[in-house]
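Below: one structure, written as structure tokens.
Letters A, B, C and D mark the chains in the order given here, with residues in each chain numbered from 1 onward.
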């Protein structure tokens, strides 16, 4: 990558430093300005959806929105031009998000139609994800990601179990309440079961019969106990990851993840000259 | 078991490989097809319960449902025939679930009666559990199960305490609200207490008096604190399990918690005669 | 205690074995019968509160209730008589609960008056706590108790913080919603804040203004993050406790809680002859 | 600081001991009296907001409130006078809170106007935070603070992710429900998304269409899984902190994680020259 970088022209390097970098003052100012612009443009889209505001300031809001879209378009082109490997950027996750956050506004230009247009317009909110770029500053994001990825198998198993419980509980409830009190079909009853097991509890559908309330009580207590499982999964994974951070590597055979207290390598039995550790 | 297996006829072994196995390509295709068929058959039963859809496509849905039931019946027989120990399969948990998921449809054939029939029909949803077979692929399921089983004593104690709190809180509330505002009987008030302590909060029953709201507040804060307990139980158990899985002990110096892959003790450098570990 | 016990008469020892003991078959049968009787008597009180059932079977239920109260009274006396130290039993936690679960029924005999009587009657439900006696079988209860007790300081700090947040959030909301939409007074608004921060969310009081909904959103997200704290407290405490279980004691100086891997006592430097540990 | 302290006059030292100290009997009595006074004054403000009570005892409550404000003012002046470094106290967090809890009552004296006055008055509730001073007794508060501070990066990342999810989910829902069923604008839909993902679930806004309920189900299950993340963060941080607090390292053999109380290394028996540890 350093090689790619040195092959770039002077002006490309300068733009790259400002847009992609965050070590120089200019880079920091740019990132902050971008963050504010994204939040502002999202707020504009939100305000447009409020009828009273739309009626009074609709024209102005749409103009500001177009202004932001133009600025983001320029930024997108600058990113492509200043990137050492343009194709890699365009096909990267952030590159696709950058593009997707531009398309809806331009589409609203070509396709006329009030209703469908509003649908497309609000997908621009995905540009909020660009804010996440800033999290590269924080190692925290990566640690969270690692923990979630490391426990993906258990999360899938857990989610599958919850889906099964919810389907069966919903069906039972449909039969118990006999299609009354909002439990008009199995899909609707499953919706109720999800609302209940996740402890959201809107109350738009609620059991009225004694049997229904008894069954609902069991589901609630089950949900109460079940919430401990994903927590246990993530916490356990995080701590295992944290432990790995505190390991040393054998300088003889390169074996990794040796416990800190090791005096000999557990693979090649070489003596490890750990410097006396200060804390 | 290998013995039982080699005694089987050639065609039995072939069927066994496809139905029970998941190492061959045919076995994988079969498992995936079965998964799709189960989800599809569950969706059919769900759609039948929606009145609008039932009115238009009721006949077609019932036919498709019979088709799936026939296929699952053939599959059930094939499992029995190709099993090295048929009785063991039939009496196993999955064997019973397989049978139970077939019965309701056939029962609807013999017993006529619109209302009661619909009750029986939807119990077929238990066949959703067959999807869980696929979790055998994931060691995650076993780890979750081990953690829950290992902490069963604490979970029972916790659940018992919650039941006691809920019974007493419900009775108190019945007295405080004096049978008004939905607290018409002790069982109904206990139902409210469960809805509250699990933080579901439908709002169909809610205290209106000052004393009632004060008591409810205490119950809510209690429930808020109490939810930490099952989480603590499961997390603590998971981490203890995770630790035990990955460690061995040096027979020379007694050093504990050595990583599984250790060939030499990290404390005394003694050679560890671990059997090559398979994971 | 053995001394007290051997001083008891033969018949006292026999009764003691059945009532307090749980090693003999008779003791086990007694405990099970008592458990069933307690649950049954609680159910009777619950059923009495349901108007329809009270109207038809009120007389019968009251008679059964008196029967249970008589049995529990006999049991209470037997406990006193067969106890090696009667006063210690009477003043113990379980002794007081045993007595309190008897009083309400007898009080209903002397004091006439439909309304106040019903209040007293239902306090008998505290006898549900007697079921907890059975948890002595499970070490789990003690582990849970130890973890909660060990983290009492943090729990108090946490609870205090939650109370402060709730008081301030409630007052803010009273001002923002200006006494409308159910926020009629500060205490009522605090009730709403508790319902919200604990994620119960009845919906009987909900903000309607834009500012109110914004403030409520902040409170909800705060509550969402805050729930992690009690969980962290209990889990962390449980794991520290679990670790202590796996420690050894120096046979030279009696120093406790030495790590399992210790070769020398960290207090007196005596060599610890740990037997090679098998797992 | 000792230096500053010895430069103080006799009467200053005496007042300082009572107000700031908590080792002497007088200091303890003062702290307890202050705690009671704060709670009482907060309760007075609360009661004033209840219309019925205000109508009957409004005059009396206001007088008591003025009495408390006068006492707290005297206390504030005494703190400044008896402080070795008055400016440091005034600009400290607790100093600012102390001042802020006085201002609203005095402001209500100069500025007349029923409505705006009530707004200012209730901000005095911030004085509840003074109670937290008492938590200095408990090391628990500091441990909680350390854990939260240590995991601030991860918490920011998590909160940012939740905000993004909520904004996108709210917009989606606005489009799906097409501005009906309470989803009248994007901000309102985002409010609904927060109510849902935090599992509060008021039910004042709830999806009615099939697509809306499906999307809501996904959001609920997501929220259910997501709640595991802050819990994992805090728990993991707490345990890492707990470990670090209690361990030292041998300077001879480098053995880590030795208990604080160690006099000899448990691995090589070298004498550890730990300063006598005070806890």
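Rule of thumb we're sticking to: contacts are C-beta pairs under 8 Å (C-beta built on N, C-alpha and C of every residue); 3 or more make two chains touch, one makes a residue touch a chain.
Note that the structure is predicted; figures quoted are calculated from it, not measured.
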| item | value |
| --- | --- |
| Path length in steps (a step moves to a chain that is touched) from chain B to chain D | 1 |
| Rounded Å distance, chain A centre to chain B centre (Cα mean) | 28 |
| Between chain C and chain A, distance of the C-alpha-averaged centres to the nearest whole Å | 40 |
| For chain B, residues contacting two or more additional chains | 155, 187, 190, 199-203, 227, 231, 233, 235, 239, 257, 267 |
| Touch-based graph of the chains, sorted into line, ring, star, complete or other | complete |
| Complex contact set, residues of chain C against chain A | 199-203, 231, 235, 261 |
| Interface residues, chain A side, partner chain B - complex | 151, 153-154, 156-158, 160-161, 164, 167-168, 171-172, 174-175, 184-187, 190, 196, 199-203, 206, 210, 213-214, 216-217, 220-221, 223-225, 227-229, 231-233, 235-236, 239-240, 257-259, 261-269, 271 |
| Parts of chain C lying in touch with chain B, wherever the complex brings them together | 42, 45-47, 49-51, 118-119, 122-123, 125-126, 128-129, 131-132, 135, 138-141, 143-144, 147-148, 155, 159, 162, 187-188, 190-191, 194-195, 197-204, 227, 230-231, 233-235, 237-239, 242, 260-261, 263, 274-279 |
